[in-house]
Amino acid sequence: MIVVFEAHATEEQIRNVQGRVEALGLRVQRSDGVEQTVLGVIGDRKRLGDIRQFALLPGVRDVIPVSSPYKLASREFHPEDTVVQVGAAAIGGPEVILVAGPCSIESKAQIESTAQAVADAGARLLRGGAYKPRTSPYSFQGLGEPGLELMRRAADRHGLGMVTEVMTIEQISIVAPYADMLQVGARNMQNYPLLVELGRSGKPVLLKRGMSATIEEWLMSAEYILSGGNSQVVLCERGIRTFETATRNTLDLSAAPVVKHLSHLPIVVDPSHGVGDRRYVAAMARAAVAAGADGVMIEVHPDPDHALSDGPQSLTFDEFAALANRCRIIATTLGRRIAKGA
Amino acid sequence: MIVVFEAHATEEQIRNVQGRVEALGLRVQRSDGVEQTVLGVIGDRKRLGDIRQFALLPGVRDVIPVSSPYKLASREFHPEDTVVQVGAAAIGGPEVILVAGPCSIESKAQIESTAQAVADAGARLLRGGAYKPRTSPYSFQGLGEPGLELMRRAADRHGLGMVTEVMTIEQISIVAPYADMLQVGARNMQNYPLLVELGRSGKPVLLKRGMSATIEEWLMSAEYILSGGNSQVVLCERGIRTFETATRNTLDLSAAPVVKHLSHLPIVVDPSHGVGDRRYVAAMARAAVAAGADGVMIEVHPDPDHALSDGPQSLTFDEFAALANRCRIIATTLGRRIAKGA
Amino acid sequence: MIVVFEAHATEEQIRNVQGRVEALGLRVQRSDGVEQTVLGVIGDRKRLGDIRQFALLPGVRDVIPVSSPYKLASREFHPEDTVVQVGAAAIGGPEVILVAGPCSIESKAQIESTAQAVADAGARLLRGGAYKPRTSPYSFQGLGEPGLELMRRAADRHGLGMVTEVMTIEQISIVAPYADMLQVGARNMQNYPLLVELGRSGKPVLLKRGMSATIEEWLMSAEYILSGGNSQVVLCERGIRTFETATRNTLDLSAAPVVKHLSHLPIVVDPSHGVGDRRYVAAMARAAVAAGADGVMIEVHPDPDHALSDGPQSLTFDEFAALANRCRIIATTLGRRIAKGA
Amino acid sequence: MIVVFEAHATEEQIRNVQGRVEALGLRVQRSDGVEQTVLGVIGDRKRLGDIRQFALLPGVRDVIPVSSPYKLASREFHPEDTVVQVGAAAIGGPEVILVAGPCSIESKAQIESTAQAVADAGARLLRGGAYKPRTSPYSFQGLGEPGLELMRRAADRHGLGMVTEVMTIEQISIVAPYADMLQVGARNMQNYPLLVELGRSGKPVLLKRGMSATIEEWLMSAEYILSGGNSQVVLCERGIRTFETATRNTLDLSAAPVVKHLSHLPIVVDPSHGVGDRRYVAAMARAAVAAGADGVMIEVHPDPDHALSDGPQSLTFDEFAALANRCRIIATTLGRRIAKGA
């Protein structure tokens, strides 16, 4: 922690702060600058507690934390890229992974035909929800476990890994036997008891960014999972909330290079939720690959106009195949690749 | 739903939309305006599914929902104010309720002395956390059930109702026997499985606004609880996330009159989390009462500098008593009242 | 500036930064902490240029500015409250000033009747626009100089000071002979050439906060005016842009206590633009007074339903008089006062 | 306009609204739905004035505008792409245009060497500021007209078009003789008097998006210029303000496909201001091309560490050349091209 004093702080005010810090068993180094005095605090950060309290002492202008709030998620303490293996997909390696499938699992025919189509187009992972977080209590809430069974069979038949969401601690034990990767939705990014359990689950986790989460908070949420002993965490950018209303969210693609800089964890981008409009999904998927994402996750449906959820942002099979082709070429220009399908 | 066509939409495009709507068993009324054609859709809204899909049809400029997404929470369908009784406090009636207490329950002495101090100053409800959602996995996570016991005894001894947070479904059955009101934190506002369970719990619920939730989404979350059969819901504004960094959040006090207009549910304001800085809490508590809030919730601690959490935004006993006095006078000027303490 | 190094920064990387700083003629103080090394830079801040460049050097985690970016606007360098005299109003003193009037000056009868009504209700200053910044080029753009004449006469007849907006440098010389105070609109908060000219104008300035301006940037804009030699600056909070759509903007009332803490300049609140809906204006005006604002600025119109601009957020004369009465009582409870009208 | 009534609106309330609309000379079409009544208003929209006033009438739940607020900027009324010719660059055609140069013109050597480097790398346009909008009055404010002369000569020598900012109406007549394209900065996006003058200037305009402007407001600002008779407008996305602090702004790349859908005007992306950090600029430039932008604008400096402004986000010559090469390949994969330099 650094304590910055006001220009006219008195010697007594400075000594008061210094005394409090030293009383906690920490050491202080003082700099008397041209404009103000600054104290640097040396020692175990945990002893300080909530440092905002020092900002309230007389004569203090500001206090500034200097240690990183997350460690296990930080590239500083883990310089090599993490690669998370999910089925046949190595997320975070040279291959850019396509994840695709419907918003909700609706029927055997729907998930089966979708699995085939996305596998044919080069996807490695099948996405789809059996438990759905819906804004309205009156909307379709998902098929539950029967949906998981349908999805598992469809994934197996087409050699795909299976990614699906868990919304509660209890769902982990239901979902884990079926899925290859457990997804944490944006609304649960700071559901800490859920994160703690996922840290113990031993399954790869796809952690979506909260709607108004900073990148730092997102990495703190990853830290919860990592600190439980589970190092298989993949981050997923899905748009943040801003004042703009032309798109459902504002897809923050700069998260890709920023996360790559700050962390060793892989990052995948979900343009379907990011823009919420089928017409803009392909452009943003291409942009995500160009920005350096390790994967893109796309909502695909055999008949988007009749989907039970998120139809307007879902692509048809043909649209997805076209998108995959374009992304494949862009990946190549960056020295990466995307799997060729059938 | 209203469908607005582009200025140069063709007759065929208009008929295509009309046909699709009618195929769903709904009726259409057409208006040919000076600049564009508009279709009004009449009938059961649920048949339409996700209306964004119509926005993607050729020739359509926009589609606009016209039915309210929430019903039970809406004043339109329930014109009289709801009053929620919690212990001796009738929230939503003429009395403005003070809710006060520490961020976390830390010890018997701490919760006991705080209960006495806030009761003496006129508080009706004691707040305090036994299960804490902390951004960092390395921070104090709360005392759990032993904390609940300490808090219950302190509340009883001073005639206070008890409000405390539940973070998971499992915690409901642990916490409910102790507490008079269950709080849903900002991070859980859209934890739908939790809301569904609270709808069945029979306990009053204090529903905090999510950090980036619109007022409409907040009322939709209330709808989840109400639709489960629990009508005792109180909303709590606690600041939203914006670009401003001088305060921890931006306290949206206009939520008070807006919620009063749109809904019959009571609304309480939490300026402690709203600003996150002790120096600004009293001003914002006064403003909340002046804006028409049904209560204010304040973090109070016997020794804020040594609190295990949120010390910088906690008031001392004396500061809280002074705040209560000021708010009491302002309430009077609005024809309301705040309980006098000892 | 403080430079914080990564945990594993090499000695060479640290020395490299140190060398660059010293090459600029500045002194460095080094702290080797438990987790990382920190360098404090001592000397004239201007020599550093844009400090973000140091953040890009190898081994650096972060750089942190420690000197305040504004001086003249800061309470740190000017502890006493500034009081700005405009006509009979002393803004920033014990009296809370009511500023009221129409959005646009429309006619002699309109401005005249409004001046009388607001003076009778206790307003000290008449507001009204002759030059209007309108989002659409097809909207009413204001009466221009003839409007200023009408407004000046109305203000004089009722003993009111006159506040009106200038949008360009050229308008300053047209408007200044009529007005007692020149308003800078939210869209011009960072129109620096305009601020520079207002710094030379010798007239009191009402500086509205930009729609997405931080409080720090707002004070920087005040600094532009102050540094030109004009110390008569009053800040005006008018709502910031957030994701919420139920109100036109989100009125950030915490700006009142925060600005009072950081600066010696007075602050006025404009709830009319802040919420954009007549039904919520009175509640927010009361809240502004309770939060410690030095004044409130309200749109008032003889016939809001037929106003040429901002009718939906304008109050009738009776509504304004009722609002003034309520605010007057709240001011009293804070040891302040609002002028009584006729 | 559509007026949506509350579920329990009375016949009298509905007739009241209908009467007011008809009194304005407009026609009304009424739909009595299952849940509520809706009125569609037919006729010249301007007669309605500010439609928010109808939302305040008793029994009304909401009013909804249905006509587009902008016409000249809308693709609906102008389906073909606009191509803006600036020097040798046709912006909005098949070629993706590179715009590059320093933040500020600093010296003859600086602008000359930069012009050569960016021309060699394939840029068509030279950017650089002679008049700088700086947050602090104590920062470098630009060289003014002598800077323009230096820049013009450098541009000519290397066959580049010249783009530079105008901050005031007066600067237009100074800058126009030198520049091929006039830039409106983000802070001036709603400086309407400036936009009106640019509408008369006959010069191509590069209109940056305001920091918190919606895409609709941005197009409304373009409408100001277009309605003055100047059809040569290019939009420039440069990042919007959000809660995220890891980047200077949040670059909204979805603006590229959205603007292409809503408007016929070309769109260029400025990743340098969008992220504000040299390390992330290349990734976001690639992403912008992949998302379909018609150009990218990059800050380039011979010695970024000693730039007088924006050094930390400026690229070296080599970094720019590498970026241009990558973007060139991506453009090709989309069937577009980027000019080859020397």
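A, B, C and D label the chains in the order they appear, each numbered from 1.
One rule holds for everything that comes next: contacts are C-beta pairs under 8 Å (C-beta built on N, C-alpha and C of every residue); 3 or more make two chains touch, one makes a residue touch a chain.
In this text, all values refer to a predicted model and were calculated from it rather than measured experimentally.
Asker: Give me the step distance from chain B to chain D, shortest route via touching chains only.
Answerer: 1
Asker: What is the distance, in whole Å, between the centres of chain A and chain D, each centre taken as the mean of its C-alpha atoms?
Answerer: The computed centroid separation for chain A versus chain D comes out at 30 Å.
Asker: For chain A versus chain B, what separation do you get between their C-alpha means, in angstrom?
Answerer: One centre to the other, that is 26 Å.
Asker: Where does chain C touch two or more other chains at once, residue-wise?
Answerer: Residues 212, 241-243, 245, 279 of chain C each touch two or more of the other chains.
Asker: Testing understanding: with touching defined as stated, what is the shape of the graph linking the protein chains, line, ring, star, complete or other?
Answerer: Here the contact pattern is complete, since every chain touches every other one.
Asker: Per the contact definition, I'd like the list of chain C residues that touch chain A in the complex.
Answerer: Touching chain A: residues 2, 4, 6-8, 29, 31-36, 38, 40, 42-45, 61-62, 64, 66-68, 76-77, 241-243, 245 of chain C.
Asker: Spell out the residues on chain B that touch chain C in their complex, using ranges where they run on.
Answerer: Of all residues in chain B, those touching chain C are 212, 214-216, 240, 242-247, 250-254, 256-258, 261-262, 274-275, 279-280, 283-284, 286-292, 326, 329-330, 333-334.
Asker: Note which residues of chain A are touching chain B in the complex, please.
Answerer: My answer: residues 46, 49-50, 52-53, 55-56, 69-70, 133-138, 167-170, 187-188, 190-194, 196, 211-212, 217, 220, 223-224, 227-228, 241, 276-279, 304-313.
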